């Protein structure tokens, strides 16, 4: 075979080439093939498949390499040589070590699936868009489906028309290509800066893609968040994390003089130095936070933003406004994984100074708390969601939190394992949900052609509008079931079970508290998964749309099947040695090489496994009893609501977090800028002063106009004139003359230079 | 420092460079200013030769005199109506003068106090031009910046055409 | 085996040092003398060149040509020179005096500068700088400035128009020139003129004829000789940028143009026709000068021949030809040459591929490159033939339309 | 041999002239020319530091080459902008192009 007789140079070249095809595809589509949807589909899909092939070659070569951890596949070029020798210059390069190999396994796989799926998903559909201005606007709230593209007026008085959701398909393919390129850059990067580049490319793309249907509005729901807003929200929220992360990177660079993973994470003295030096020598109350700790915390903040951990999680559910492939892309394959990948990659730094069984370092403690709390928190919210995608969104947050918590307690390999399996089965679930939505939309079409009338705010994503889809879209149903079971951790078969079990086992061994929390979360997970499956597929259709739902697009079904296959089998490579017919845990032994000193596998302990089996089964069983055994009738409320009462509302409203943030930050700043800046300072002080002066002069003039008009009027004029002149004089600061600005800038620069000279030469 | 051909050349070239520069910034007639610019660039090229960088000297002549100055002169001639402008400096010229003098003072201070009477640490390696060429395209040196520069030039080319065409 | 030039050098050196000058001073004086000699050669040879060209063209046009002054009219140019020198230099109203006077000097200077790197023989070269080829381009680019100044300072719209045309054309044609100049430089691996000549056991013309041709066309355009003499096309822009010049100032432009025309022949000979290389030159280096002059004059004859043959082209045709044909072609040629050369060299299929030691050693490389050139050139010819056909048809349609319109006018 | 600081002083003076020109000239083309002066001063600095401090690593010369590239790009785009401004507003006086104000 090809990779058998591949020279190392060829191999390195291949690694360089991995991110290239999608990026090329992005430019090709945007520059040339924009006009044709078909060609754009072909270009992007071929590109990602090419990447997949390359990645598989590299992956096989990597697996065949003995001691990959010690001698990873790496090559680098000089970024920008400075100073007197080329040796000291900053280098950019690629690196494939066991962890990178894991990324190369699931990222191109899921990405390719999502690309193929998108070609089908983006090919049809329609949504409401608002017409600005103009006259006319006849039509009633229910006239929506009578004449297609017909104009309707919703309860908010906006004039809406249907907009073809596939209009910008080519652009969409280009964006996800760029997205995949960013993720691949991040996966093969050998230093933090390059990783950050990929990271930011993805940040941009998530903004572009979440807000892809940027002219979409929701009929009768003027306050519901629109894709445009959601995109901005996601961008801003992740920005917060990114800024802190960048600070951390800069700090790391200034401390170690390099950002290369190998140079920092695989060299004892660097790590020791990082762990030994206190970050803020003169801040005693920080309790001797080391530099490693401080940098670690900053990086964690970056991850908290990117992987939507508490308290920066709110952008992710709203990111569901994007097209479903985007949700799969962002939530499963790429972006949120990137956050966790960063933590796993930097684990040696985060755990610098930590010995197995010893006290946790500051970053690890933080991760443990954030992780376990977010896991529980998100899982509870997921229980009460109506939107089929929102459930998955919150389950994603919760699952990522699993990984973060696992890292917090030092379960390095378990985290990597769960990252991989979760990416696969969560991608499967999202694509499945997308196919469900598609089916419902088609059903809506047909039903309407058969004379049904739907309210214009009919929501094709609301699970309570579904039901009984199992018979109508069997492929989706079965694959979704597989994915759901994997998510719920159905024992001994699914991938999710083994990875989750490994985390639980580690937690049981190291941190009981974390274990209990995660165990309970696992129970909730199983429950809401079953709830979702039940609401969606079981029972009888609750609406006409569900009645006539159908989805027979091979472009969407093939990826589902393939991913379902991996959702089962991907877990088997990580079966604990004790249960493994091979007698070893291949995944563990492979990934362990990534670390400097290999963590040895835990002695097998049946108790946590029994617990997790029991939990998964009970959770599924409860869900079965509530939602499948007695499926909901149309219009029947969620039985959970009766059970939980007010809590249910609380959960349904996501603990009112958006509202809280809205009040705390948005409103606060609006209030500040309005009341303080505008009203008080602008109106109050400045205008007040002017009015006061003017009125006073007027008053004096009026008083004395009988005698001495001349002087007083003169004075009044003078004062008014003076005020006017003041304004006149000040406005020239903003003269629009570039040279004036330049002069000021130059003067400022000179001042700095003076300070510099004084500081370095004269003092 | 005794009078040697090198010092004499240095003096002449410096006078060219500085005198030309002065002409550029004070001369009222723009075409003459452009001529002074050419003179100044010549001076710089001569200094490059004194610094044993003949390649840069040639490129300096080729790029600056052959291309940029021509471009500037043509622009001056195309925007011919501006020849009517009599006063060549704006109202803030005193500020500018002060800033410039201060800038020179600052730089001069650092230079005089830091680099007084420094002489080369070693000779220029033979075939330095070849080395330069090799470095520009070596992945262990300046390959990336070089490619970026070429992309920048391409972008500027297209941009200039797009902006300047009707 | 000291050749005549080194002999002269040593003789002068001993002479001057004998007079009690320091060695540095002696070298300086000799260098100055050398520069003086080369400059004068470059200018005086014109006297002969002009006569030569007029004679040749006359013969080609079945005339006799200058035949009054001196034997075969050989002193005709001297007479013309005397006339020009004795004429008044008219300075038009509103002329910008300094540039007006500076322009001709710059024009001549830029041409003379070129001769500094032209190797007459292995040891007879003004200065063998390591960047000779680049230097030649840089020096040539000065002429553009001269033209621009002349056109501007004359305060005459035809002059300015002509200057703009000239600059547009010269700047455009520098691109293919530089691109093709790179090819011999790449093949040699050095920009040093002497190394380039040294490496030509087989003339580069036989290896990369297409490059030579493109370089030639570009150079002729740079000089602005027929068929590219529309810069001073008397029939359209009376005389181009030097319309206002008279007397000696004009003579300098005139001299600059002809000297440039001769200089490109010398460069052509150096870069593509093996410069001073020739049989027995290694034993008797002095022979090199003879070979070099001969080659140069043969090429000069060819130049005159083209001038006598080809009609003048329109400015738009000139520009299109450069940007839409020469530039892409030379780019393609450059890339192909580099790639093929590298691939063959690295593949090691041909031993000692890059060696320039002997005729035999250079043969394989020459053949490889020749095939590349022939393929590219053939393709280019086919393409331009097609383009020309299309153009002609378009023209025919236009003319028909015009004539029909005219006919209707006549009908009314 | 000329000491380093002489070259640096020449460069500094040239740079200062450039600063003055950029700040004081009215004509946009003149401003552009002054910018070229500043760029050349930078180049002179780079090359002389290369010659005197690190003749073996050619970074100084390489950066000078990059400055050439940047200067060419800057001149092309700048002049194009000036011409288009001249077309639309009949002026190339920098301070007359002040639409962006209060």
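Brief remarks follow.
Chains here go by letter, A, B, C and D, matching the order in which they are written, and residues are numbered from 1 within each.
Here is the rule we go by: a contact is a pair of C-beta atoms (placed from the backbone, for glycine too) under 8 Å apart; a residue touches a chain by one contact, two chains touch by 3 or more.
What you see is a predicted model, and the numbers here were worked out from it, not measured in a lab.
Taking the mean of each chain's C-alpha atoms, the chain closest to the overall C-alpha centroid is D.
Between chain A and chain D, the centres computed from C-alpha atoms are 44 Å apart. Centre to centre, using the average C-alpha position, chain B and chain D are separated by 7 Å.
Centroids of chain A and chain B (each the mean of its C-alpha atoms) stand 49 Å apart. Averaged Cα coordinates give chain C a centre that lies 33 Å from the centre of chain D.
Touching two or more other chains at once are residues 81, 86, 739, 743, 746 of chain A. Residue positions of chain C touching 2 or more other chains: there are none. Shared contact sites, meaning residues of chain B that touch two or more other chains, fall at 55, 59, 67, 90, 92, 95-96, 99, 103, 141-142, 145.
Looking at which chains touch one another, you get A-B, A-D, B-C, B-D. Chain A contributes residues 77-81, 86, 92, 739-740, 743, 746-747, 750, 753-754, 757, 761 to its touches with chain B in the complex. Residues 1-10, 12-27, 29-30, 32-34, 36-37, 40, 43-44, 47-48, 50-56, 58, 61-62, 64-66, 68-77, 79-84, 86-87, 90-95 of chain D touch chain B in their complex.
Listing the residues of chain B that touch chain A in their complex gives 90, 92, 95-96, 99, 102-103, 106, 109-110, 113, 139-145. Listing the residues of chain B that touch chain D in their complex gives 1, 6-7, 10, 14, 17-18, 21-22, 24-25, 30, 33-34, 37, 40-41, 44, 47-48, 50-53, 55-56, 59-60, 63-64, 67-68, 71-72, 75-76, 78-79, 81-82, 85, 87-90, 92-93, 95-97, 99-101, 103-104, 107-108, 111-112, 115-125, 128, 131-132, 135-136, 141-142, 145, 149-150, 152-153, 155-157, 159-161, 163-164, 166. By the touch criterion stated above, chain A contacts chain D in their complex at residues 81-86, 731, 734-739, 742-743, 746.
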